[in-house]
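Following this line, the structures themselves.
Both complexes below contain chain A, partnered by chain B and then by chain C.
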Partner chain A sequence: MRNTEKEVRRMPEILQYTYMQRALFVGLLLSVIVACLGTVMVHKRLSLIGDALSHSSLAGVALGLLMGFNPIVGAMSVCIIAAFSIEVIRKKLGNHSELAVAIVMSTGIGLAGVMSGFVKSSADFNSFLFGSIVAISSFEARLVMILSVIVLLAFILLYKELFYISFDEQAASISGVPVGTVNAIFTILTAVTVSIAARTVGALIVSSLLVVPVAAAMSIARSYRTTVLWAAFVSVCSTIGGLVLSFYLGLKPGGTIVLISVAFFLIFRCIAFFRGRSTSSKGA
Partner chain B sequence: MENVIEVTGMSFGYTRDMILEDVDFAVERGDFAVVIGDNGVGKSTMVKLLLGVLRPTKGSISICGKNLTSLRGTGIGYLPQNSGSKASTFPATCEEIVMSGLYKKIGFGRFPGKDHKKKAEEALKMVDMLDKRKSLIGELSGGQQQRVMLARVLAGDPEILILDEPTVGIDAESVDRLLHILHHLNIDKKVTILMVTHDVEKAGPYANRVLCLSEGACREELLPDAKIVHAHAHSHPHGGVEHIHCANCEHGDAHGHDAEHCAECAHCDSSCEHGDHVHHEDKEHAHHAQHGKGGEENA
Partner chain C sequence: MNSYSSKKASHHISRGTDVRRAAAGVFSLVMLLGAMTIFSGCKKRGFGKDAEGKVKVVVSIYPMYDFVQKIGGDQVAVKMLVPAGTEPHSWEPSTRDMLDLEDADMFVYNGAGIDAWAEDVLDTVQNKNLTVLEASEDVTLLKSGEDHHDEDEHNEEDGHEEHDHHHGEYDPHVWLSPKNAEKELATIADALIEKDPDHADVYRANLEAAKKECEALDSAFREKLSAYAGRYIVVAHEAYGYLCENYGLKQIGIEGVSADQEPDAARMREIIDMVKEYGIKCIFFEELVDPKVAKSIAEETGCETRALSPLDGLTKEDIDAGREYFSVMRDNLETLAASFE
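Here is the complex of A and B:
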């Protein structure tokens, strides 16, 4: 018994609290899957889809709180509907397909705004805006763990299909890739991930985590595979670093995580700039 | 010789106005076919129809004897125009891009093995880009990017290669190099090629079959060894050509048929000097014409 107590005391302070252990574990898992999905999203030129889905998820949260069911279930349902709506509207709009994201995002914000007015406990609703990674329940932690395994497996199994579709959807279709099926799976995975991540890091922040680590990785990566790995690295470092900093400095975890990822982006851009200069001077 | 592409009485229009009307066209195995025509006359539409991306309003298309419903499982490789430029910002190596062309061989949800990697290297070697396999596609010139895209298509061992203006936006030297590779594939690897192009001057001497979608674009002096088929086409609203007539005789509409079969000029074969459309099998002859050899024979 005394040995256990001694061991706990020897641990860093941040790991002595169960809620922080859970937050770090969930943050680690989420950061990896968000980076994987973000890489595909950015290269499919759908960077803003994360924004549209995360904002739409708020409508689901409000619906859940109003109707008395789990807000995460509400967020997931609305996210999936929103994601498929984007695909349908995109196909209908032809040359102006990018408007689909804006239309769905506006609808989501509108619904969330109206419905939030009827929610009695505004604190519950606000916790989804900026997340509450340090207040995750054991149910939510288990949900994230199961989801992470599913998303990671799907990403690994569909890696070459997602690569091909991101690179050239028409050529992929001609080569026999089941583009519709793969896109549908990806849409569902994204919607579910965004709704879970909205609960933990916040709806206003999840879209940044989908895009910024990928943008940072693209600055220095020398292949698609290394882009995924660098994006996951930046995402994990930002999340863990953000949680640690917020714990010791008393900052909001969601915002700290995003700001660290932006710092990574700036550092990587500088590295790319100097590397480019040294390459061109060698060439000269 | 077996027809690998057969277009019969095909019409198509995005609206009620037809862009392509009653097109009859066939490509035999081993052909180097070229589709030419002015801007807006429906060349790229024709490619989309052949790829099954669009469905004809009337008529039929068959690939290797099968009615075209979907290209899945057929041995068609497709190289779109400016395919490289689209990839300029994509952070993938040439090797990764060529590997994606092996999708059909690897299969859904499976991982590539050593054999696939070797196959990708062979395809890169075919287009003389093996030394750039670890380079990012965005770091290459337009011509090099187009060759990598061609390697991706070749990795899948296509029987038929459809190219939509592959020489657009690349320098003259790269155009020559690309056409030389295509010629080599056509002669040595027996790949049937159908290429949409504006560049009749460069591509014409390699072609043994030409589908001409507009009269102005069909400069027959540049197509010495080709069988020419004139198709009935209407221009897009902003295009230049309204109606196509048989260029070889002055008796009106070719209705998309070979001039030999033109109902309006049945006497073509005897009285019209263009009646005899020679179909030269010897494509080396065309190649020599392009490179200044055998010029006297062509003349």
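Here is the complex of A and C:
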């Protein structure tokens, strides 16, 4: 009895450090909202939007540094513009809508490349591309908290509308869903999330967690709701698992988190495969 | 099928607008090219008329720039490839930089891995007149991470694996010890005397003056830091091996010899534990590297943060304000001494 009390009082080593508490907390919040946004984006066939937006946000950082305004503001605004460009181009291209992401991504990389040549201090510039989940400032933590509340609220309040739009935009608009407005809200939210998360935890983590957990979830989930829940589950487990491994084994956190989510995807595919076989054999 | 033919039809109708669109495209392309020439015009290339009659020297990074200028004085025209305020570990030359090399009499680089691109670049330069000088050739190089203690041994190996392509096994920041700086200055002076024997006296006199300053700097470091021998310093990246060796300090690098690595959670814990164990009161960051990680560790341990310059690059403001090797090194000394008090 006494022993267990002692155990409870003694925090596990990983929680004794402020930077780890912050990493786990911010990682948890971001993985939930990124999974929610990812489900929307993957269903809209925009799975590479994270890569496109994080590169564009880098161009925004460069612009901010060049023109002398706050780089975070620069990143956010260019990200929003990029996200809307994707929406516009996507509508114009019809069958080839996936090209929209590629075009905007190329533009973002190109702009960032050219403008980085004019930025004087490389420190400011690099820090925006390579955020680090183990070095999060209290300002960034607060920013992520506010963002998470907004994204989660929007996601819950607009859940039904999103559900419609995800499967059939035309049908949704016929049945009275304000498709334009809802799309616009999520475009902005995704853009803002990517630009903040790229600075806080790094572009690699955001762009991967937008897609891989959703892909994993889609292999086993049978409804939209369970897809969201599984995606959030995979995303959270990957983030926490990655941080724990990084803490005890000294692995790079970003890469570890991404690889764990890929492992989840493979496992879920296997589950789906065997499940499919057993149901088909039952049917026969 | 239906939609396909209708698209085709609309294509025929809109041929007129296609022409207009093409014209608009060409117009914007011209504007873009125009803008690019204006931008690139800001950066002057090649040695201009001012350089006539002088020894034209291209250097890789800031310390080389400063050293060549200290020895050459008015007899040399110096161009630095890595622009002011850029962290050299992550820099690569553009095609236009090659023009400077074709026009130059001498190319001075530090060597030991910090400007590893220099050797690749030189393969493509056709300038037969070009004397190439590796300033660190007379310096005894330290293996990177040599002054580490047992605790971070495994991490040191990690760092090696990842940056083998960039950095050899040696710490390139030789100039951070005034004694090595003196050697580099002498190497540069010898090369300049050989290239331009007419002004040998000038170069010799400048070398003497610089040597005296190096000695003064060395004794200042010795005097101020002798009381703190054996102390640890936590720095943004492991650039201070030579300085530590000379003056009896030990460095704990947040990142390896190269400045652009992301720390992992285990390394963060190691550093935090060491900071607490050794009662370290200050975390040093660099102006050219994002201080995020240093700040995060400082916040965790209640340390202060201070800027320490490894001199791999100075910002343009600093250069314009007349700062150079000796003044920055003296500031570093003040900062170090103050952090130990």
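In this section, the second predicted complex is superposed on the first by the 246 of 284 C-alpha atoms of A that agree within 3 Å, B and C clash if a C-alpha of one lies under 4 Å from a C-alpha of the other, contacts with A are read in each partner's own complex, and residues count from 1 in each chain.
One rule holds for everything that comes next: a residue touches a chain if its C-beta (ideal position, glycine included) is under 8 Å from a C-beta of that chain, and two chains touch if they have at least 3 such contacts.
Quantities reported herein were computed from a predicted structural model and do not represent experimental measurements.
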item	value
First, second, both or neither for A:Ala221, with chain B first and chain C second	first
Partner chain(s) touched by A:Ser106 [first = chain B, second = chain C, both, neither]	neither
Chain B versus chain C as contact partner of A:Ser137, first or second or both or neither	second
Touched chain A residues, chain B compared with chain C	C
Partner chain(s) touched by A:Tyr17 [first = chain B, second = chain C, both, neither]	second
Which superposed partner A:Pro178 touches (first chain B, second chain C, both, neither)	first
Interface residues, chain B side, partner chain A - complex	51, 53, 71-73, 76, 78, 80, 83, 86-87, 90-93, 96-97, 99-101, 103-104, 106, 108-109, 111-112, 134, 136, 152, 156
Footprint of chain C on chain A - complex, ascending	17-20, 23, 117-118, 120-124, 126-127, 130, 132, 134-138, 202, 243, 246-254
Chain C to chain A touching residues, read off their complex	39, 83-87, 90-91, 94, 154-155, 158, 260, 262-269, 272, 286-293, 295-297, 299-300, 315-316
Of chain A, residues touching chain B in the complex	43, 157-158, 160-161, 163-164, 166-168, 170-172, 174-178, 218, 221-225, 227
